[in-house]
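After this come two complexes, each holding subunit A, first together with subunit B and then together with subunit C.
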Partner chain A sequence: MVAAACPQSPWKARFNRFKTWISKPQNAILLILGIILTLTTVFPMVTIVRDTVTVHNGSVDARNAEPGQVYTTYNWTDLFAPQTSTARKLATKNLWTPLLNSVLLSVFACIGAIFYGGIFAYLVTRTNMKCKKYLSSIFIFPYIMPQWTLAVIWRHLFNSNAVTGGSDGLFASLLNIRMPEWWCSGMFPCAVVLALHYAPFAYILIGGIFRNMDANLEEAATILNTPRWKTFLRVTLPLVKPAILSTVLLVFSSAMGSYPIPHYLKLSTLSTKYVELNVQRAGQASILAVIMMLFGFGILLVNQKTTSGRKNFTTVTGKSGQSSVVNLHAGKHILAVVFILTTLFTGILPIIMFAMETFLPNPGDYSFISGGLDHLTTKWWLTSENITENGMYGNKGMLYNSQIWSAFGNTLLVAILCAICAGTIGTLVGYCVSKNRRSKFAAYVNNMAFLPYLMPSLAVGVAFFIFGSRIGIYNTILLLVLTGTIKYIPFASRSALNSMMQLSGEIEEAAIIQDIPWWKRMTRIIIPIQKTSIISGFLLPFMTCLRELTLFMLLCSQTMIITTMLDYFDEMGLYAFSSGINLILIVVILLFNGLVNKLTGASIDSGIGSDSK
Partner chain B sequence: MARIELSHVTKRWGGFYAVDDLDLIIEDNAFVTLLGPSGCGKTTTLRMIAGLETPTTGKITIDGVTVFDSDAGINIPANKRRVGFLFQNYALWPNMTVYQNIAFGLSNIKEAGLSVTDNGEIVRNPSAGGAVRKLTKAEIDKIVARVSAIVKIQPFMDRYPGELSGGQQQRVAIARTLAPGPRVLFMDEPLSNLDAKLRLEMRSELQRLHLSTGSTFVYVTHDQMEAMTLATRICLISNGVLQQYDEPLKVYNQPNNTFVADFVGNPAINFMNARGAQQADGSFSLKLLDDYEAVFTPSERVNTEDWYREADADIAAFEAKVRPAEKTNKDVPFNYPIHTVTDAPAPPAPDREDWVLGVRPEFIHISEDGPVEGEVFSAMPTGMETTVRIKVGNYLLTGVVFGGVLYKIGQKIRLSFSGDGATLFSRVNGRLVATGSLSVKK
Partner chain C sequence: MKKLVSIFLALALVLSLCSFASAETVEEIIAQAQTMTNEELYKKAIEESHDAVVAGVGNSSRGKTAGASFVEMLQSIDPTYAGSIDWQQPKNNSIFTMLESDINNTSHQFFMTLIQDGNQIQKKMLDTGYLLNFVPKEWAEAEGVAKENNENPLALQTLNKVFEFNNCGEKTFKNCWDFVAKDVHTQFMAPNSEPVGKNFLYMLTREDYAAVVKEAFDALSDDQKAYFQPTIDEMEAEAADLGLAGENAKYALAWIKLFVENYQEETDDGPICNNLVAKTAVDQSGLLVYSKLRSIEESEELSVNNVTVAAYQDDYVGFGGYAYKHYLMVSKTSPYPWTACAFIAYMTTTKEGFAAWGKDMGGYAPVPACMQDHSKDGYVDGVDTYPAKNDRGYDWWINEGKLIVEDPAYAASVADTLGDWIDALR
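Entry: the complex of A and B
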């Protein structure tokens, strides 16, 4: 052998090893995805950071800069080391108060979501409460519906002309009850609404563990004559801790980046402040986005730390399927009624309210309740011509409004494209990472794909706004799809990774041995076996995209997609229109969810459930 | 149909050597089992030969074709090696019926010189030339019919794997593996998921299969009984290092070292520490079990001086091996078990007059006039044989007596060591010095 005789250079050996490595499809794809994801995740972040030190024409930093100066530290010093007392006041108003509010809001939302969702999860999985089936499907409605739904409903219920200005809400006009200011806007309603919105998260994550937990673990404690409460505290709760922790991380980052809720309920947070500052103080707004991003990184780090130590708990599924059920006695009816009533408010009422709003002649005009049905109008739906005197400001009724329908079409287009891109990439990431479990590079790619998930939506939106404007694709479907894809890849990669991890490598190796090409292995073996979770990997981005506002609102003009359109009508005071759009959105999402659930068995909750890893 | 050759094959992850410089020749038509405790590197070895794992360095040839050579940069992927692989969990595709599982690989073959004999055997001879083609539906049917007849699964062709029992799934997996006519058949603990009775049955079927296919079988197991009963040769691995590669009975009767002696055989071999020197006539006069004098007579004369010189050179060569990374999974001397009633203090560090005697349970002979005195510690009759644990002083020895002999626990008995199957190891390095007979003085 000639080759063996001559001493081999280390480069050649390295090249050979690389050749072997890259010849496997999963490695080649991994490398490509690694590069793409690095670019699409890191580039926009770098642009944001750069934007904080760039001089913006017509904004405050330009006024404080020499003509022709390109970079400045003004934005940072003005916020963090203000010189004058006015500047100090401004810094408090623009930075410290919103920051504090954001953190507090996230903390309260976490606590609320975990208590509400966790208790519900316990009741559904571990007690003999009645109506479990109905309750568990209605409970996740608030998560499926757009984030601002409950915020808008809150306003419709509690606002009153006397306290908040504007038209009277249901409470004020029907019952003549005027809720105090702190109840109507600010921290309290924001926290409650966010907690209600994310409680399904907690329910699905914690409930998943409760459901799969090996009952033997608790039975072992019972046999040892441990009191029930002690078993719960010392055995059950520690096992659920990882789920609680991942709920905390997810809710915290989502709450931090939420724009619509604090916007509707008037709380100054980093995200609302960003939007407020963006025109006048673009550089400083970018600093707020950087702060949000730092929170995202922090959460990623904590997540990493905890997932490694969490491994101990992953084998919670045991042989005994029947877990012990706590008998609530009379409580099983009482609690069921309590939850039926609360979910009525969070799940059913919004649909009814939105529907009702579209028939009111004027916002807050509930006169039909006493005056009969002729106090209602169908003009918001059926007006087919351009008239101004009926309070519609020249807009046609929703059924005839081409602007609304084109925005709706755009939303569908963006959602479908995002779902296809994010679903495909995410599935591939999950597949490649599961094939390279020990590789550091695979872990890196996985983290890169996961990072946008923990980034507050608004920060990602800001990053792509600056990035997109730089490369001239602002206000295009392309930018929306790009942003949505990056942000939603984690949905697909998580669920794909989880399911691929459970798929024994032997299944594919059995096909490799028989010389079955890669694409055939994927299409004939891997994808058919994992179709449910792969479909949820496509479904979840689609659903989320349909109702996405925070992520997209900076990236396009207000008439482009349906959610920004909704925001536009809301600002115009055409609440009937915004309610109508809300109604259409909710109905479409619920229909899709039900349809896909029926057809494939995949559902949005199984997708969220897989986030537990 | 194929001879497999491994030379200097190493697989490591950082400093962890899963397989450490393995040389192995698997003869054509052999049935070789790779045996060892879990994590010893046997599955890694198998997967490297199959091409599912890439060795760090070394060279592998199958049927004269180099399929891997780290120096020459050759690495033929698993799918081009034309081997069959039977997985521990069967790895049946759950979304396909039994028929589809078997036919899927066949429908994918596309090469020249393809033909199917009348009895359904596939002939693959690309060098014969002819048009590159795929198998026809009829040909696939013929092959599937043949392999499913071999493992008797014809009634289940339309079922899904989930609707089959473990044994049936295993048969389908075998049929699927056989269908494309592999040159070599690799099996990774294929019987470990079956219950004891079925395992016994499948064991005998695998033996028949080996005979009828005439393929080379390489079989991974951690069950020494399976290895003993099936293999034409056993390759025993520990910590990634080859310990012994011999016929089963040789491994059993002449274990290379205390590890092999202990791993093979059930109930396990009895170890006794002994001290003494070789006499002029070649025998060893030893002191064992605290206060018994004994003579060990080797079957073949051995010179301990020469023996130690050779062993030392061998060990030095092993330690002098150049390694790109320090081996973190260190090779430590095997800690052979000596069973005692109460914990005994560790013996002092050995010198060249310290030995370990290994006596298999069947060589412990219970008789009225045996020189060693003991009492029954526990007795486990199975009907066919009885396993007795005997307490001698503080030591416990295990013996096997054929037939349903009933012993009372605590009963006083006497025993001797019969036959010439006793093994003498050096306590310094654990290696086999000689086999021979052991007689204890009264």
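Entry: the complex of A and C
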């Protein structure tokens, strides 16, 4: 009665509604994560945009600035509306050519990855090709290995004194074959190497669909006497379209932000140009990063559209659990041999070549082939003194080199912390979003968590570089962990969201009726049920972090983590050290992957596979 | 309670006033330090950083070795000294961002820096007052010290990058114009990846150096002159546009144009050296740090003797390469300014302090007493086995080798106009 006499004010009613909403743990967590993710994702982006209009001391934008002037539009006008012929040439060189190369490289990498990975996925899942188990494991090696691995191998194989200058690679030294320049450096090798690196993406995503595909549709087409090629084009291909789109979205942004491959194989892209411009044109370099970010936003929008379309598609199709296997006849052996040879080049050869490089007396010095094993050395591993002679440049051998092991320790620390933070936040995002499926705010938080993944790594690195420099945490483990966490949350959030979506709400409701507290529900019910997916969400950031260069290269000194150190040795021409570190990294990643797979049943494949939905 | 609060506030006020009264700025400390001997500076450093981990940043990783040696020396004076130097070497030119960020922050970590690239130092660090110069008393008073171009900013060492070529073929390079001749692609680090290379190109336009280029041009045969002349003529108008008034500027610009358009880019001097010493690298040439020759391990495929240092040929004409410097400076917000001054004095005035760099040929300290003799580095058991490694020394390289030496002020003065022009060439 009293309530009717004194109606509640609208503000009070709203506050009460909010109080009720926030009293649910999943809502409170969602709100906190929403704020944190907005700040950590948007703030660095705002910083980078601001940097494009900031006057930098000693940079070209300071030329026409008045003393004390803080902001300028010079960087934008000089790139997009150049006034002089020199400025026009520079705009072409610094913006348009790298932009075109980046887009083309991303497109070619997508096509290559889908073609190679898709065919392999089809052969493994829908045919009776031989050695499937072995090939399936070895095929994902290039994705597990650091991105630049194949680029370095490409150089070691095909460079020649006559074409690229410098010392002869293996092909020229041993076989006297000199490949043309377009083969050795530029767009072609970059696209091939990126495609090979990301083909496992396509394999896992497309393979996931092939594996679960309803074979009744294809059988129906066969019964109706439809030619096999038509069945493939009209039935099979449309079914895998969502996976192809997913691959395109993920590979496009990753390829666009790739720094090491175009750097090693000499292609001017937005990422390589960013590093180059940062000396005298810091503001213009930031514009390139903004452009890369815009591509990330574009991909997010496309992803939104395709994801909703995919849901409908999947509902209509359903799963029958049947699958038909195409008999390749003699082709099952031939194709297996072809793939064994190809994966030998992409998976095994790098390991052998890296190992061999660490025993050569000088980089690229294969004199042991003609002169015998006496021409090999263990100095790169076993030198225990600090000497500058014999190519050591004051470095101790790898087994005695405290700098290398300290960098390795830092990398492990960063990877563990990133995995814990990204895994925890991502799992919570997945949980909270699945509990608020129809909420716009939940969709916003989900997008905010996914956005950094679609941003090219270099753009995220640049954003945190400027952000970190401004707040004084440049070159700290904290900055690396913060950046890595934000970038890798999507691994865990996607994995967790997909698995939480499959979880019936009744399970948790039963516990709520029993008055079980939230943390107990999580640790005793939710997490144990979805253990494998959640572990994948922790494992993927860990593995990716171990081999990450592009994201971290601007954020710390050269000796802080193992990948920047590797890059430093590589640039210095100390290929034995960089190869040794590469080797150690590959072995460690494979060991961890195998160990976690054995212990928990979770693996990188299942993590990526869960993304295919 | 009120009394307690008032006492606390009063105490806080007195303490803060005291600290204000006693606080000296880094500039004041440098002014005092410049009048002190090394021994006095070391004592101040021991007092200041007795148990501290001080952070230094530099372009040379050997700062770490020098830092360890410095700490050892301080411990020999005071065995209880427990300080240490955490040396960081940033990547990709980010040293300037690191320093700027550190100086503009509320808390500061870097006590000093070892830095290269005169142009950026001038514009980003000196003109802004971020870095301060300190000249040790014992350096200024050292016997035979080469003060010119080394005092402000204070140079730890001058490093040379020299023209070298593979001698396994027939081709010879007797003139600096040979490195920009038709179909010659001299290996070089891209000027935007190592800006000291760009400073070298800037410095070539200074009239005295442009005159060296012109003199070398005059020594060419008529055929060679005929090849280069159209480019030189084309550069006359460019020189005027770029505000280069010297009469020989067009020769310098022509050389720069041909060089930039044709050099073969490498990531570092290490790979260039490894490439050149291979017996398969017939007729190839490079412009690289001289000391890299020291790191070659002789094998069937690779030998230092496969390489000729161009300027060491008796009949070579023109400049034999260029020189840049490592500068030592104190951050204006240095948290340990006395330790910074002591460390700088140690590296620039003592043989032990310079030892981390002194063992390399091609690096020259302004104080002769710090230097090691490298004139017979190519000798094995008393026999001159690798003549290319016998360093002829700073004076020879400056006067006979005609190195183009970096001058921060000049490089900065032309960088705006010439920088764009060079960038647009390739």
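Here is the rule we use: the second predicted complex is superposed on the first by the 598 of 613 C-alpha atoms of A that agree within 3 Å, B and C clash if a C-alpha of one lies under 4 Å from a C-alpha of the other, contacts with A are read in each partner's own complex, and residues count from 1 in each chain.
Rule of thumb we're sticking to: contacts are C-beta pairs under 8 Å (C-beta built on N, C-alpha and C of every residue); 3 or more make two chains touch, one makes a residue touch a chain.
Just so you know, these numbers come straight off a predicted model, no measurement behind them.
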item	value
Clash-or-fit label for the pair subunit B, subunit C on subunit A	fit
Subunit B versus subunit C as contact partner of A:Lys132, first or second or both or neither	neither
Contacts of A:Arg524 with subunit B and subunit C, given as first, second, both or neither	first
Touching partner for A:Ala87 - first (subunit B), second (subunit C), both, neither	second
Touch count on subunit A, higher of subunit B and subunit C	C
Partner chain in contact with A:Lys396 - subunit B first, subunit C second, else both or neither	neither
Subunit B versus subunit C as contact partner of A:Ala511, first or second or both or neither	first
Contacts of A:Ala13 with subunit B and subunit C, given as first, second, both or neither	first
Subunit B versus subunit C as contact partner of A:Arg438, first or second or both or neither	first
Angular separation of subunit B and subunit C about subunit A, which is computed from CA centres of the superposed model and rounded to the nearest 10 °	150
Touching partner for A:Lys332 - first (subunit B), second (subunit C), both, neither	neither
Minimum distance between Cα atoms of subunit B and subunit C in the superposition (Å)	43
Residues of subunit B defined as touching subunit A within the complex	13, 50, 52, 54, 59, 69-73, 75, 77-80, 83-85, 87-89, 91-95, 104-105, 108-109, 176-177, 180
Footprint of subunit B on subunit A - complex, ascending	1, 3-4, 8, 12-13, 15-16, 19-20, 23, 438, 504, 506-507, 509-517, 520, 524-525, 528-529
Subunit C to subunit A touching residues, read off their complex	57, 61-62, 65, 88-94, 96-98, 100-102, 105-107, 120, 123-124, 127-128, 185, 187, 190, 192-193, 195, 264-275, 277-278, 280-282, 284, 294-297, 299-302, 359-360, 415-416, 419-421, 423-424
Residues of subunit A that touch subunit C when the two form their complex	57-58, 60, 62-63, 86-87, 89-90, 93-94, 161, 165-168, 173, 266, 275-280, 361-367, 370-371, 375, 377, 386, 388-394, 465, 469-470, 472, 474-475, 553-554, 556-559, 564, 567-568, 570-574
